Every structure is written in C-alpha cells, then in structure tokens.
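One structure follows; several queries about it will come next.
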Amino acid sequence: MTDTPLSTPRRFRFERHASTILLVSAVALYIALIIIMGQTRFLTLENLVAILGRSITLGITAIGQTFAILVASIDLSVASLISASAVVTSVVMNGDPAMMLPAVLAVLALGAVVGLANGLVITKLEVNPLIATLGMSLIIQGVLSYYYNNFAGNVPVEFQVFAYGTVGIVPFSLMFMFVLAGCAWFVLRFSRFGSDVYSVGGNKDAARLAGIKTDRVVIGAHVICSLCAAIAGIYLASRLRSGAPWIGAEGVYDLESIAVVVIGGTVLAGGRGGIWGTIAGVIIFSLIDSIFNVAGVDAFVKQVLRGIIIVAAVAFYAARSKRPVA
Amino acid sequence: MSAQSLPQPTAATRRLPRINPVYVLVVALILAIIVMNPAFGEPTGYMNFLKRVTALAILSAGALYVIVSGGFDLSVGSIMTLTVIGSSMLASNDPNSTYWIIPLMLGIGAVIGLINGLVVSYLKVPSLIATLGMMITLNGVAFMWSGGAPRGYLPDTFRFFGRYNITDIPVISLLPIAVICLVVFGVILWWGMHRTNFGRMLHAVGDNQQAARLAGVPVERVRISAFVVSALTAVLAGVILGGRAGVSVDIGSGFELQAITAAVIGGAQLLGGRGSVPATIAGALALEAIFTLLNLLGLAQPVRLVVQGLILIGAVAFATYQRKRAGR
Amino acid sequence: MQKIILAAAVFGMLTGAAFSQAPNFDDPAEFAKQRDQLTATFNGPADQPYLQYAGDSMADTASFKKEGPWTVCFSNAGVNNPWRVVGYTDMTEEVKLHPEIGTFTHVDAEGSDDKQIADIDDLLAGGNCSVLIVSPNSTAALTPAVEKACAAGLPVIVFDRGVTTDCPVTFVHPVGGYGFGIQAAEHIIANVPAGGKVLMLRILPGVDVLETRASGARNMFKEAGLEVLGEEFTDGDNAKTKSIVEDYLQRGTIDAVWMDAGATAVAAVEAFEDQGVDVPVVTGEDQQDYLQKWRDLGFKGIAPTYPTYQWRTAIIAAVNTLKGEQVPSPEWILPQPAITQDVLDQYINEKMPPLHYAMCGCEDMPNYPQAWGGTE
Amino acid sequence: MSDVPTIEMRGISKSFPAVKALRGVSFTCSKGEVHALCGENGAGKSTLIKILSGVYRPDSGEVLIDGQEQHFKHPQEALLAGISVIYQEFSLLPERTVAQNLFLGREPTKNGLIDNKAMVAETQRVLGLFGVRHRIEPETLVADLDVASQQMVEIAKAISLNAKVIVMDEPTAALNEAECEVLFSLVDQLRASGTAIVYITHRMREVTRLANRVTVIKDGEVTASFDHVPAPDVIVRAMVGRDISEYYPEPATASEIGPVVLSVSGGGNAALRDINLELRSGEIVGFAGLQGAGRTPLAMALFGAAPFTSGTMTLDGKAVHLTSPRDAIRAGIGMLPGDRKAQALFLMQSVRDNGMLTARSFAGIFGGHRANRFTDLNGMNALLDQMKVRAPSYEQEMRFLSGGNQQKAIVARWLALRPKVLIFIEPTRGIDVDAKASIYHLMRDLARAGTAVMMVSSDLPEILGASDRIVVMREGRIAGEFGRSATEAELMLAATGETGVAA
C-alpha cells in the first residue's frame, strides 16, 4: 500500500441510504399516481398487504441470494432449484397430510446438497461462480424434467395454509418472509458467520490472513442461498397446490433475485450491503408491478420500463462508485 | 505483493504452443457423429451442420470481445430477436428492402452496443446488470414494435444469407451462403481480436483495467467498442438465423448463455484477459455437435441440459486445473 | 466429484418419491366424446361460430344481474405468443362492441402462475370488478385464486385452459386437444399408405392441451399401422424444427409430419424445400404463413384449429352474465373446425400478418383488419 | 529467558519456480525479547514471516513453537498457536468498522452471538494503550480513517490478540515521530510482559532503540546474526553486502543537468496543496516522505490520473492541462506505478504484449498490432534484450516472470515512447538485489539521455543513493528540498515535522 489521500472527513454515506431513497420514491410515485388517477380505492390496508404479498417467492429467494452476493459469489441455480423443490414437495406430500414434514425435510436436504455442491465447485474446483451455478442450474433442470414434465403430485389442503392462511388480513407467508428476513439480518449482524460473510466478500485475502476459513464461509453462504430457494419452492408448491418443472424458470427468479439484491444496494463485488436493502428492492419490484397494473400499462411497455428501471436504479448507486466494474 | 507470490513455471513442464483441448473435442465429436451416422460425412450432412451452427458461432465470437474485455453481454439474444422482428416489420414483403434494412439494423445494433458500453463505462453499472436490463428492454421493444406477433415476412433476399446454398460445386457439391458468412466474419473477428492494436488493448483492459488506464489505453473507448462489436455480430447472427428459420417472436432467446458457453468451452477466461476467436468458434461447433450427437443417441432434451451443465463446469474446472498445473 | 454425488442424490430423491400420478392424457372416453363433437351440430347462429355451443345445459345468472357501466376485469396468463396476441385483439375489439362496459381492466401475468395469483388478489383487493374473466396460466395452480374470487361473490368466467373447480359461471373452450389431434391424424392416415413413416413434432411436453393432441394422434397412427419415426420437441423454435427435420431426412424418407401446433409448420416445410425433397403431408394450424405456403407449394396440408374466437366468447359470456341472461354452463363448448383444401382459399388473406390465426371469427368486426396488424 | 525459544525456525528453504526465496534460514525468538529482522526489500523477510504465519509452507526446514514442531496449513492455525502478524500491506476491510476489523475472524461471542459491547469496549481499551482513543472511534468505518490511523488499527489488531509472538513488519512506515514513540513504548511493555517480538525494519534507529538481537537476511540467506545490537554500519554492510558506490551509479554532473522540463506552481487538489516544483532533464529527483504524505498523489497529478484542480503546470515551457493518463503520455510523461500487480502488469498477456501496450494504445485502433509509429515487434525485442529481461521467450506470459524482470519489461514499455519525464514509484519494491542495481543504472542511463526522472520511494537509502536532488513531502505539501549529501536523519525530520525546522 503506498500513499493514499490525506485523511478523509466522515461523510454522508450515500450508498447506505440509497435503497431507502429508492423505496420512498417508489412509494411516493405510487401514491401520487393513485391520487392523480383518482383511484384512491387502492389506498387500503388490504391493497398494501396484496402488494407486499405479490413477491414472496422472489423475496425468500432474494434473501438467500443476498448471502451469495455478499461473499462475492452469485447463484444462477435458484430458479431451477425452486422448480425442483416445488415438485419434490408436492410429489412427496401427494395429498397426504402425514407426509408434510418428511416432504419439507426432503426439500431442505435437497437445498443443502445443491448449495454444498455449488460451494464446493466454486471453492475447490475454482470454477467461476457464474459458470458453476449456471451449470448446476442446467443439471437440476435436466434431471427434473427427465422425471417430470407437468404438475406432479399435489399439496394437501392442510399445507396450503402456508400460502393462503392469514392472521386477520396478513397472510402467514408474508409474516414468514419478514421473519426470515429478520433471521437473516440477525445472522449477518450478530453471528460470527455473518461477520465472516462480509469479511470474505470484502477482501478474501485479508480474511484468510485473519484466520477465517474462507472456503467454508463461501460454501455456507451457498448453502443458505440454496436453502432459501428450496423454501421458496415449498412456498410456491403450497401456493400453486402442486409443483411443475417450469415454475422457477417462468418466474425468472434467478435473474430477478439478482436484480433485486443489487437494487437493494448490495454490491456485486461483495462485502457491502444487507438484507433490508434487498427487502426494499423486493418491495420496489412489487410496487412497480402494482403501479403498472393500476396505470394499465401495456405488457410490452411494462417490460421495456422494467429493464430501464433496473439499470437506472443500479446506476443510481454505481455511478458514484470508484470501484472498477466487470 | 512480492515477486515470490507469483506462480512460476518450471522450465521442463511448460511447452509453449499447447493445443487447445477444444479442437480435440470437436474432432472427436465429429468423428463420433460420422460413425453413428455415415450420412454426416457427405456434403449435405456436414454443410447442413455448419449452416446450423453459423449464427451461434458468429455470435459467440462477437460476444467473446466483451468477455475478453472483462464483461458480459446478456443482451445479444434480444438483439437477434429485435433484428428479425424489426426486419420483418420494415420489409413489408419488398425484396428490395433488404439492401437498406440490413445496414439500418446494423446501425441500430451499433447504437445498442454504444448504450451498453456507455452505461457500463460511465454509469459504472456492472455489465451483468446493464445488459440484463438491456435484454429485458429490447425484448419489450421487439414486442411493442410488432404488437406481440410478427407482422411481416422476411423477403427471400433477406433470407438469402441464412437459407440458400450454392449448388453444383465440384468436390463439396454444395456450399451454403451461411458457411461463406461464417468464414468471412470469422476471419474478420479473428483479425480484429488477434491482429490489431484494438485486440491487444481488449486483452489488456480485461486483464487489468486499472493498469490499462495507467498504461494509456483508452479504456472507456475500448470497452464501448467491445460492446458495439458484440451488438453488431448479434445483428449479423440475427440476419443469418432469421434467414434460416424465418420470423418468430422469441427467436434469439437463450442465445446469450449459449454464446458465453461456447466461449468458455473455447477456453476464454470469464472476467477477461484471455480468449481466442477460432477456439470460440470451435466451442460453438462443439456445443452444436454435442446436441447433434445426443439427438442421434436418442437422448431427450433433459439429458441435453445435464450434459451441457456438466460440460460447462467441467471445461472451466479443467482450464483452472491446467493453468494451476502450468503455474506450479 | 461432487456433481456425481449430487446427481445421484437428486435422482435418489426423485425416484424415491416418484409415486406421482401423472395427469391422464389418454382418456378414451374423452377421446370419443371430442371425436363426436367435431362433427356434431352446434346450437346458435350458423355464421357466428363464437356464439355457438354444444349441448343445452344452461346456467341462470339472474343473481349477477347488474346495471352498467360495468368494470370487466381480465386476468390474463400472458400475451407471450401470437395465438394469444390475436385472441387478445379479438377480446379488446369485442369489448368495444359493448357500451355497457365502462372499464376494461387487463392485468398480464407474463406467463407466471405466481404472478397471476397475485394479480387476481390485486383485482379482488382494489379492482372494483363487476365480473372477472380468467385465462389461467395453468389449471391446478390457479384454482385456489379462482375459488377465492368466486367466494368474494364475483361472477367468474374462465376460458382456454380450465380450472378444477366448477364455481365459475362457465368455462369457455373449443372442443379440445384430442379433437385437434384427431383432425390432423385422420388427414395423414387418409393420405399416407399403410406402413408410412410419420414424424411427430411437438412444442414441449407437459402442457395439457398439447399432450391430448399428441395422445389422440398417437393412438390413431398405431391403429392405422403407420410407423411413428419419433416424437421430437421443438420448443416452438423454427431453427430447431428445421434442424430436426433435416436430421431425420438425412437418415431416411418421411411420409408425413404431424404437428401439435402450427407456428413452426413453415419451418418444417422449408426443411424439405431446402433439401430439394418433395414436401410430403405436413399438418399445421390456421396461421396465414402456413396456409399460404400450403397453397403455393400445393402439398397435402390440413389446418386443424384451436379457434381464437373463444376470446370473444369470454366477453360475450361475461356480458350475458351481467345482463342476467342464460349462459351455456358449466362449459361453453365452441366448435373447432379444421381448414381443409376445399376451403383453404377462403381463409387466406395476404394482407394479414404471417402468424395471424385465420379462424379468428373476427372478419365481421369494425376494426378488421387493422387492429390485427393487417393492411387494407 | 527460558531455555526453549518461543519460536524456532530451522533451515527454512522456500523457492518459487524462478526465484529461490529462502535458503536454509534459521531464526529464533524467545519470550521477552525483541529480535530485529533486517534486510532490504526483497531479501526474503516477508516470505519468512509468511511461513511462520502459515500463509506459505516451507519446502524444507521446520518451525517449532515452544519446542513443538508445527506444520501450519492455514493462517488460522498459526493464530491459534499464538502468532500474530502485522503485515506490511494492510489487511483491513475498509467497509467494516474499527472494532469489527480488530476482531476479524475471532469476534467475542455471548450465547453464540457476537458481543458488540465487549468488542467496542475491548477496542477502546486497546486503542487506549496507544493514546489514540480520542482519535479513533471503534464504530468508525476504516475507510474513513487516514493512513496513520489505519496503521494504528492494524497494530492494535495484532496486540489485542494477546499473542505469544507478535511479528511487526515495518510498522512505522506511516507513523509520525510521536506515534512512533507510542509504538516503541508499547513494544517495551509487551516485551516486559513476556511477549516474543519479531521486529522487521531497515531503519537503524529503530533497531538501536528496540532490539535485543539482530538477524540480517540478504538474498534469502542469513548473512549475519548478533546476540547484541552492533553498530549500525555493521548491520548495513551485512544488508547491502557490498559498497554503496558499486550499488548506485554515479550521480549526475553539473553539466549533465539540463533545462527545466516540467514545472508546477501552486498545484493542489484534494490530497495536495501548494505544490511548486521543477524537474530538469538529466536529473533524478527523489521524493521521500511518510506513507500518506502525498507523494503518490503528486505523481498521479503529474500523470493526469488524479489531476491538479488548482495551479499551473508547464512542460517544456508550455502550459499543459492534463486530465487523464492519455493526456500525460501524449505530452511525454510516463509512469511506473508502485503497486505493480494492481496497476502495471497484465499477467495473462505475453512479455512482449506488456511491453508494446502503450505504444499500441497510441497507434490506430484497428492498426496491425505488429508495428506502429513507436516501435515494432523487433524493436520491442531489442528493447527487452537491452533491459536484459530474462524470460524463456518474449511470448511467455508475464505471470511467469520474477518481479525484477516484470519491472524491466514495464520500463521497456515506456522506453519505446521516449518520454520527456518518467516517474518511478517504489521502483525496487519486491525486487531482488541484483535487479535493483540494474534498475538504478537504468534510471541513470535514462537521465543521461535527457529524461527528467522522478522517483518516489519509501526506502531512504535508495533515495539518498540514487537521487541527484531530494524532495521531502509531508501532509500534502513539499516540506523540504535537499541535495544528495543529506542524511537520513535530516530527511526524517523534514518528513515527520516533529522537531527542528523543516528546510
């Protein structure tokens, strides 16, 4: 390390607040639009819950993706893992309430194995995470569609409570997502592992010198990421009453979860960001969808706008960053 | 930090010109196909194969420019779609329109590449996100333009490049126009990457962007140019694929990942600094040959996916292993 | 080799759990029923197929009667293929014919079940809907959402793909997948000598309406003693379709190509053209590009249809419901004619886009053909 | 002192394919002593320490801790064995707080959770030992600290481990006099409490002040080992191993120094203030100063990479306004960065491509890559030959070369353009001794050919040996200017500004 600039004063850290700024602007835009269009009937608690409940699958997936991106990795296999988990859930349950627990355990085991495999390929074989998880995604999708090509099995009514049950007007699943986010935040903020995730993502060599087993941290982050995707699959099975091998891909959960995490202020290079930013990103996505629905935007225009919004939101942070980009 | 931490070869284990394994792979696959289906050894067999692979090969070679410069271009598939849809919208079945439509599409492609490059270079949006956004946007634009379904045909003059064969040629008996395109654009892209200052600067930028800037490389211009080249080849690939297959609304989808796969099988280093145009074209041939072989074996789509996944991971793991072995 | 371990684990997990019951796509009773319906006489005006219906079971909708202006809400699975684009145009044009419809709210799920469920929630929460029309992205997945809408007291109209509940007012659909498969297969059987070789090209596995098309045809080929060379999936991709046909041609002759949908039929025809081989029997669908190719090359074609006019019918059913009129129920089965050589010319219109579905029942609408992308 | 040394390294050898980094080095350090490890940059000190701390594994030889043989496979194992290292290059995470950095990888936990309170309290306690508690808040992000404070955190991190052995690799590089004193008294305290301390430095003053024993390494071998502290010149001779006069080329004669090539008046930006400067052709000007004093920012400003925002700059008498490295290169200024791996090398490209790059960057973008208006492949081969770059072939990838050869290849990059001004930052960092001498001669040859050479270095002997004129910087300003006859002490005084009057 040679000379760096003289002492820099403590400054307003824009990046820390950017996701909040984006969220607030999206909310403001939504309310303004509703008022301008005179559609104030949308300003109800029910509708708020409906908006928040739009993207629970994406939210759960993105919570996991945040871990992968924080350790400077990435996971493109989540979409096919969601499909696989949903199928396994509904096939194992097959309408039998007694099989609910075994099914959930089987899916979690599947998630753990996939995460472990991703992590091992990335750390031990030193394969670029993008390629490793893309390859894994193809493998999962292939194996899955070898056995199933349609909705398979079904989820007992008892289990649909996960997706459709509510307390008052608040669905269980929405509460579950926030609880999961809370746990993730807690782990990142208060556990050794969480601290290690930031360290490894920030500077792998420094983390290693400080005695952190960096490979284990990367593998751990991938296991968490895959577990979250598996849970998202379970949720989706409960919501759709069954699982099909295409439901992950049709929701584009891989790329959308990455986009949401990045919009939430987590840096693709790793080591900076957090869960609440991601949740803000998820809500922003839901709001955009709702805004489009309220404004009656044509499906194709919607797509164009969505692409532009993703880039603009990320540019909003990145343009100020001094780090080189890939 | 110090010199010691750099990997070093021991003189004996490192022989310099080492053959890229992708060429061995391609030859092996083609031989396997010929054994299983002797008809493949006849001109119609292998020429059809080359014709089929042309769009992907050209696309991958162009996408390689961005990969070597240290980025990703996920927008190429959507550019192909836009090219085909846009051309069909503009052509309104007029055979003479091809002469201005293709240049116009190349112009649109250049603008898209320029936007990608500017967003990545100046707004500092990671290329993965920038081109993902572009991909979503362009797919939307293609839909908007056409209203969701193609509104016109591609005239035969347009389809000439991807569809027609020159027949009655001695020895090889037929020569698809697409194969001529493959050779011509392959050579141009090879020349640009491996025989010009631009190509060397691309490698430098991908290898070490900060060092490139301090060595006087116009980093932004080089990166932007890489995106422009990639977008232009995507237009060419779109013209050829549209010519081969006709109009459809999702014609280019999935090509972005296939292009990256082909480059990776050809030994390109993701995040930049290393990559070869001929090896990437060979990578595209290998990919298509694998699919053909799996079809011959009667293995269905799911198996294709698994094999593609394993090859992708295997190719990169093998390259890493080889590099490490060379290094220590 | 973690990958192998993983693969083994996944395989184990899936096979261990593989006591699934695949949906039944080979239902002889349904097959026979649809075979009969293809030739049955339908009730309703002869020149307006979108108003015709099979059977005479009707639902009384007086309880849904409502004064205009209405808000008609439509949760659409997507407009992600040309068939849906043509259908959606039919639908919006039909809406214009009913001044009582004050607002037509369209939400597009972009092909995602998850999103469509959320969209229906949104519509229930704030859409102020008088009636809900649903074109489900998939049958089982959307059932709870539809049930929820029914429970909220809304009249619900479902069309295209159904749901597994009978709470909607009606389910609008043409005869069905077996019927489609039968029409194409009968044509091939009639035009190919016994022992002839048939290549079956399909878009993708698993989609109910497509599975039944294939299943119907497969059985008929077997009975007729035709050899099925293979069933290949094209992903609806022209290039892939062409490659598959080329590969089969390299290995031998093909006497007929059976297609479960027409979007890639032209690519299959071109594969023969480009190899300099005479085009055999190639079935298709009612897209203009196929019809024109068929006419121009003069091969033995047939175009079974899955008529897009059902999108009109959905609106008509909704309007009738809100007026409190009788609606065919629980299903509104529409006729599903095939376009044959005899009537080919009357369906060809060169001013329409290549993937315009000729059986749109839309020629009598005011904005035809511009709204469908055609030129005057 | 106990009979068994706390650490004992016996006959350690380590080679990297082209470099024999260590040959049979033995080294011990016992409880309650400070053992100074001296040697020039690249002598092998860092490698030895990395073996001790488990980053590298030795090819042969053994490491004993408290008499027990150890085979560390991961730095964590060395940490658990009680060895804590303050690395020369910072290993702090800029996006984390001071407390988080201090406890990186070993956060105190309560009920399985990180005990933030304990972490902050302990951080305050350790920082208190330095008397910098008021200056560094435990919850501040490291990125917001200045370089000296970062160095303090780095030291605090090692000390807070309560390790048996603390290795300090040039800990004072960024500290001013007062801070150095705090550190020294801390070292005294640690020694008194029984810690074994390995202290790496090449500053004789620190050796005299702190050490109980001294070991000198040169070219990967122990050249001298003392159980007492000998006179500084004895150590220096063991370090350098030959006469200074051979090592450094002759200085410029008065007639060789030509007109002013580059001048700056009133230059300033975020990191610099009131820079007034002249560089003459034929002259080598050394820039000394502490880390963070503004030497690299000055080089970057002259090179257009972090331009001046005020003041004027002239080149050959004409005003220039350089806003990018390209501007500067076009105007005739070249630079060899200090952090070669991050800022200069293209490890995956061939040696020749590395050399040709800048020449190619200024030729037509689609021009053939074999030749351009500056040089062609043969010309580059000749330059690389002239630099005596040792490589099996110039097609060889850069990553396979030793540090010295890499540096020479980069010099060749600039020679092809014949710059008027060439800036070297830490030109000999991480380079073996022979290569060092050739770099100095090369700089001198360039100067004789009329180039104005600017050399930024943290190595005072190098500054004194190779420069014709010395500029000392402090806190973003020029703090003094000296002739080549200045002493290390004078330079240090000017650099720290603690006592005496800056010239």
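Order of writing sets the labels: A, B, C and D. Residues in every chain begin at 1.
By our rule, a residue touches a chain if its C-beta (ideal position, glycine included) is under 8 Å from a C-beta of that chain, and two chains touch if they have at least 3 such contacts.
Here the structure is a predicted model, which means the values were calculated and not measured.
Shared contact partners of subunit A and subunit B, listed by label: C, D. Chains that touch both subunit B and subunit C are the following: A. Between the chain pairs A-D and A-C, more C-beta pairs are in contact across A-C. Centroid distances built from C-alpha atoms place C farthest away from subunit D. Measuring from the averaged C-alpha position of subunit B to that of subunit D gives a distance of 44 Å.
Subunit C has its Cα centroid 34 Å from the Cα centroid of subunit A.
As a whole-number value, the distance joining the C-alpha centres of subunit C and subunit D reads 72 Å. Counting partner chains per residue, subunit D has residues 89 touching two or more of them.
Across the assembly, subunit C contributes 3, 7, 79 as residues in contact with two or more other chains. Of all residues in subunit B, those that touch two or more other chains are 148, 210, 300-301, 306, 310, 313. Applying the touch definition to all chain combinations yields A-B, A-C, A-D, B-C, B-D.
Within the complex formed with subunit A, the residues of subunit D that make contact are 53, 55, 74-76, 78-80, 85, 87, 89-96, 100, 104-107, 109, 112-114, 116, 140-141, 143-147, 149, 270-271, 289, 291-297, 338-339, 425-426, 456, 458, 475-476.
Listed in rising order, the residues of subunit D touching subunit B in the complex are 14, 16-19, 21, 42, 46-47, 88-89, 303, 305, 325-326, 329, 335, 337, 341-349, 353, 356-358, 360-370, 372, 392-393, 395-396, 399-404, 406, 413, 429-432. Partner subunit C is touched in their complex by these residues of subunit A: 39, 41-42, 44, 46-47, 49-51, 53-55, 57, 84, 87-88, 91-92, 94, 106, 109-110, 113-114, 116-117, 120-121, 124, 136, 139-140, 143-145, 147-154, 160, 164, 236, 239-242, 244-247, 250-251, 289-290, 293-294, 296, 299-300, 302-303.
Remark: subunit C residues 3, 7, 79-82, 84-86, 88, 233, 236-239, 241-244, 246-247, 250-251, 263-264, 266-267, 270, 274-275, 289, 353-356, 373 touch subunit B in the complex.
Those residues of subunit B that touch subunit D in the complex are listed here as 1-11, 14, 16, 192, 194-201, 203-204, 207-208, 210-218, 221, 225, 269, 273-274, 327-328.
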